[in-house]
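Input: structures, listed below.
Across the two complexes that follow, chain A remains constant while its partner is chain B and subsequently chain C.
Right after this comes the complex of A and B.
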C-alpha cells in the first residue's frame, strides 16, 4: 500500500506560512527547492513510512531570494539558489569561499534548485555551505508571526538533521560582514569524485593579517566530519599572532584532526580520516594565505 | 493561500515546449510524473529518482533541473522544455544531429537529459571550452560512452549553430573553423 499522500499549501506571506506551521507543528515540513525533501519523501515512502501530512511551499513568498549588500554587511535570502550565490559578484568579492562552496554543491541541476536556506535547515552534517558560513561568522534570521531572532549559524544545529528552530519559525535570510580585501579565504572539499559527490570532508578557512604578515584573525571550520558544524578555536589560536610558517600551519592542521577525534571518538574510519582532515586543513590554510599547495 | 488537502488533486497550468497545458496533480506528484504520465512526453527518462544521474533533466525557465526533484505544484505558471521540444519543423536540433554523427548515443537512456543540459549550455555560451562542456554535463551520468563522444558532439553542435548564425563581426564564416575562433 502506498503511503498516504500529503497535503500542500502555498503561503503568499510569511504570516500565512508561520500561522500554518504553528497550527501543524508536528506534521508539516517546509519545502523550498525540493532537492532534499523530495528525496526524503521517496525514501520514506519506499520504507513504508508516513509522509508528513503537510508540505509548506515557501517558494512563492516574495522577498526571500537574492543577495544584497549594505554598509559592509552581505545578506542572502533563504530562497537564493546555490547557483545564484556562486555567480553573485557581491559574494565573489566579499565571501569568495562561500561562492566556491556553493559551486561545489551537487551538479548544475541541483545548484539551480537547491537553496541556501534549505541547505542550512536540512541540517545535513555533510552540507557543503555550512563550514564556509561558519568561518564567516554568519548569522541566520528566523522569523515567525511573533517576531524575529538572529542566531549564529553554528547555533542552528542541535544534531544531525536537527535544528534549534521552533515550530512556526522560517529561516528568512543569512548575513555576514563582507571580508576585507586583506582577508584570505579558502574552501577545500574532498569528495569521491568531482560532481555530485556528497562531501566526505571539507575545510573552510578565513585568515586576516596585518602589514607585518602577522595573523590577526583566523577562522577554521572542517566540514562533514564533526557531529555538528563548528569552528575549531584551539587550532585558530595556534595561528593568531604569528607570521605563519610551515610548523605553525602543520600544528594547526594537526589540531583540527585531533579535535575531530576528540569530538567523534575513535571509529573504524579514524585512521583514514585523521590524515585526510589534516591534509585538507593544511591545504585550506595555505590557500587562504595565498599559497597554492596540493 | 493555495491549499490542497492530503490526498486531494488540483489543476495546474504551465507551458511545455511552447504550448500551454493543464493537468491534474496531487501534492506528491513530481514534474517527471506529470510529463511522462500526465502528458505522455516519455522522452524524459527516470534513472535514479534522487537527483544523482541527470537522466530526467529538463529545462525549467531555461535552467536545467532534475524533473524527479521538482514538485509538480511548483511548476504552475512556469515554462518547461523537454527533449521533444528540440527538433523544429521536422528537423533535428544540431545537437541531436551531432550526437548521432559522433556516436554519442549508445544505450540512449542518458541522451535526453544530456541533450537538455547541452542545450542550456549552448544557449548561454555559444562557444564553450571543453571544460565548460564537462562542467555543464557534470550532473548527467553516462555508463556507455565514456563521455568523449558526447563532448565532441556538443563541441561540434556549437560550431554548427555558430556557423548557421554568423555574427556580423565575424564575417566570411570565420566562426565556422576552430582555428579562427581561438584568435
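Right after this comes the complex of A and C.
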C-alpha cells in the first residue's frame, strides 16, 4: 500500500511551529520552497517508503524572508529564495560569490521557489550555496520556543542529509560579515550541463589581501565532494602571508584535491575528481584574485 | 497551376495558435465523463518466470473497476511491428523491467496505483542477460526460446582482403554508442472510449494510426473497423511512439469496463518501459590508397535490442546500409547482429541506425584524411558518391545526390573558412578549440520490399475552403504546415483556405507512418495526386455552371475562369461559389489521391528495406572548446547544411535542423540511459541529462537544394538526417582541438579528461 498523503499544517508563529515540530519529532518535516521535499516525497512514495505524517509550512512565520544589512553584517531570512539572493544588491556587493552560487541553482523555476534555508537544512552534499556560505564564515540561527542558538554553517551538518538541528528547531536566518571591498571571492561549479545541473564539484573562495598584495585571509571550501561541507584550512594556510604566484595557487589547489581524497578515500571516480577539483579550485582562487582564467 | 506561391515560403505553422493558446491538448489534459484511470503493473525483475498471479486483493479494493492479466487478452497476446514477440500482458515470463504483467482501471489515479501494489505476482528469477556479445554465445541464457540473435545481416562486395593488402592506409577501431532516449515532452499516454455499439476510439501519441488500429484489433480479436485511432500533435515522438505503447492497454480496459479510460505513464515508467536508441558496438576497418581514394570498409555491428524485436532488425539493416555513408566504397564486408538482452527495449529513433555507424565512419574518415595529410573536407568531396555511381550495397544512385553541394556550402561557411583563425582564439589558456566536419546521406522511406504508399483526400467545404486529409500524423515536426502549403499551391488557393486533417484512422486514408523521413515526400505526392483529380472535378462543375467546354476552364487564384473570356467579364467562379453549386446539386466534391514509392533498381535478398533509392543529404560543422583541465566540452557554434531537395518551408527546416543539432549534441556529449544488470539507473531527467537551452550552441542552417524529380515540388525528407552527422562533427572537433580521438560516446567530461591524460 502506498502511504497516505501527509497532513499539512501552516503555523502562524515560530512558537506554534516549534511546538508542533517538537511534538511530532520523527513524523514532521518542515517545508519551505518544496523543491527538495516534494521530490523526496514522490521518490519515497514510489519506493514504497513511509512519508512523514506532517508537513509544516513555515512561510507564514514573520521575519523569515528577505536580505538586510546592519553595521556590516548581512542577514538573510531562511525563506529567502535563490532568485532574491542572486538579485540582491546587498549580496552582490557584500557576498558576490553567494549571489553566483544562488544563480547557479537549478533553473529559474527552482530558483524562484527554493530557499536558502531549505538548501541548508536539506543538507545535500551537492547543495550549491553551502560552500559559498562556508567561506563567508556564515552563522546560522536556529530557534525554538525556548530560545535561540547561533552556530557556524559547517557545524550544521552531521552527515549527508543529516543536520544537528533538534526537533522543534527552525532555521530562522543566516548572517555573515559583508566582505570588505579589498576582498576577492569566487564560486565555480562543474555540472553536467549549463542549467538544471546538480553540482558534481564546486569550489568557493574568499581572499583578502593587504596593500602589498599579501594574502591576509583565505577561505577555501570545495563543494559536492566531501562527506560534509568544510573549509580546507591546510590549503588556506598555503596562501596566507604570500603574494600569491602560480606555484602557491597550484599548491593550494592540489592540497584541496588531496584533502578530498584523504576524507573520501580512493573511489572509482577519484581518477577524474582529483584533477577536476584541483582545476576548479585553481580557477576559483585565481578568480578571487581578480584573474579570470575561465 | 503549381506555381510556388506558398511552397518555399516561410509560412507560420498552421497549428501555432492552437499550441500557444493551449487549445491543442496533451493526452494528460483529456477528460471524459465517468472516466477511469488505468495503470500498468510492470515486472519486478529483468528476467524471471512468472509462477503465479493473484489479483483478488486488488479486485476487492474500493474504486477498482477492473484488473486484467494475460487471461483477459481476447486476441493475440502479442504486438510488434515486424514480429509480435512482445506480450501485451506477460503470461509465463518477463524479459525486462518494463514488461507489463497486469492492468488496473480505477476511479482515481492514486487508487489505480495502489491497486497495482496489491497484485501478488510470484516470480522465479532467471540469470540476467545484459551483454549483447555474451548473449550471442550458445551458452548464454536465452531471452527468447529461439536464441538471442534476433537478426543477422551480412553483405559482401568486391575483394575486401585484397583491398586491405594493397592499401596505403588502413584504420581499424571499435566504437561504442549509448542508449539514447527520445525524451519527448509527453510520455506515452492516451485515453480510450467505447460507445454503446462497442466501437472503440483511442486517442494517443502515434506515428501510424492505421498500424496501431491493426495491432489493437489483433490483440482484442476485434474487427479493425470498430477501432479508431487518433494521434495527437502534442507531446512529440522521435520514433519512440512508432511501436505500440499504451494503445492496447487502453482499448482492453475500455472494452472490459465500458467506460473511458486514461493512462499517463510517469516519466520513470516511460524511461524504464519505453523504446530507446540501440546501443551499438561497432568494429570498423577502413582502407584508402595513397592518393586518398577509399578502397574498402569492413564493418561489424552488434546492436542491443533489449527484450523484444520491435524494429530492431530494420534498425540494424539500416546501420549496415549507412555504414559506408556518402562514399564510393568498391569493396565491403558488412555484418550486423541484432541481439536480445534484458536491457530495456530498443527500436525506432530518429536516425534509425545511422547515428551509430555514421559516428564511427566519419571518425574513420577523419583519421584517414589526417594520416594522408589531406584536407578533411576535400577528402570527403573526393570520395563522395555522385549521381549515377554505384553505392556500397551495389545499387545505383539514380535519385538526386546532394553531398557535393552541401560540402561546397560547408567550405564557405564562416567556422570552416576561418577555422585556423577561430582555433587560435580560445577563451582561456587551458582551453583548446577545434572545428569538426561530418556528412551523411539518409535513406528516405521504407526501402525495397516494404509496402510504402501514400494517400490523401481533398474535399471542397461549403465555405470554399478545402479539407485535406493525410494520415501521417503531425507529431510536432510541422508536416501539416508543409502539406497545407503544397495543397494550396496545387489547388491555387491560400494556406488559410486549407484545413488539415491528420493522424486519424477514421477520417483519413492510410498514408503510412510519420517516420523514416517519409511523410512530406509521401503525403505531398499523394496531395498532388488528389489535387489533380480535384481540379478535374472542379472544372467539370464549373464548366457546366458556366456553360463552357471543360478545356476552356482555367485555374486562377481562389477559383476558376473561362479561358477565352475577356478580362472583367463575369465568367469566373470562386471556390466558394463552386462549393455552393455543388451543394445545390447535392454533389459531394471530394477527391482521393495515391502514391507508391519508387524503389532502388535492386534489393538485397533476405534483408527487406534495403537499400533505399532516395536519400537526403547533409553536412554539419561544429566549433567546440575543450577545457583540458576538466574535460568539459562546449559546442560554441554549429552549422547545419541540409539538402531537402526543395525546402517546402525554410522556417520549418531551420526548426528541424536546430532541434536535430541539439539532439545530436546530447548524443555526442551527455546522453545515456544507464542500465546495470537489467535495472535502469537513470530513470528521470535529473539523472538522464539532455542539453538545455543554455547548452545549445549558436546554430546556423544553410539550406542547399538539389531538387528530387520524384518528390512533390522537388522535396525529400529531412527529419532524421539533421541529428546525425553533428555527433561526429563534434567528436572530430574535439580531436581537432586536442589530438584525442573519441571512440566512445557520450564524450562526457570524465571520458574526455581520461582520453587527454592517456594521450599526453
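The criterion applied here is as follows: the second predicted complex is superposed on the first by the 293 of 294 C-alpha atoms of A that agree within 3 Å, B and C clash if a C-alpha of one lies under 4 Å from a C-alpha of the other, contacts with A are read in each partner's own complex, and residues count from 1 in each chain.
By definition in this document, a contact is a pair of C-beta atoms (placed from the backbone, for glycine too) under 8 Å apart; a residue touches a chain by one contact, two chains touch by 3 or more.
If you're wondering where the values come from, they're calculated on a predicted model, not measured in any experiment.
Legend: residue contacts after superposition of the two complexes on their common chain; A:293 is shown touching chain C, with no touch to chain B. Contacts of A:55 after superposition: chain B is touched, whereas chain C is not reached. Of the two partner chains, chain C is the only one that A:279 touches; chain B does not reach it. Once the two complexes are overlaid on the shared chain, A:271 sits against chain C while remaining clear of chain B.
In the superposition on chain A, contact of A:177 is made with neither chain B nor chain C. Comparing chain B with chain C, the partner in contact with more residues of chain A is B. By the touch criterion defined above, A:258 reaches neither chain B nor chain C. When the two complexes are laid over each other on chain A, chain A has residues 39, 107, 194-196 in contact with both chain B and chain C. Chain contact summary for the complex, chain C toward chain A: residues 110, 113-114, 117-118, 268, 427-430, 627, 629-632, 670, 685-686, 689-695, 748-750, 753-754, 757.
Those residues of chain A lying in contact with chain C across their complex are 1-2, 39, 46, 48, 107, 190, 192-198, 269, 271-272, 275-276, 278-280, 282-283, 292-294. Partner chain A is touched in their complex by these residues of chain B: 1-8, 26-28, 30, 49-52, 54, 57, 60, 63-66, 68-71, 73-74, 117, 120, 135-136, 138-141.
Those residues of chain A that touch chain B in the shared complex are 4-12, 16, 20, 31, 33-35, 38-39, 41-42, 51, 53-55, 57, 59, 83, 106-110, 112-113, 194-196.
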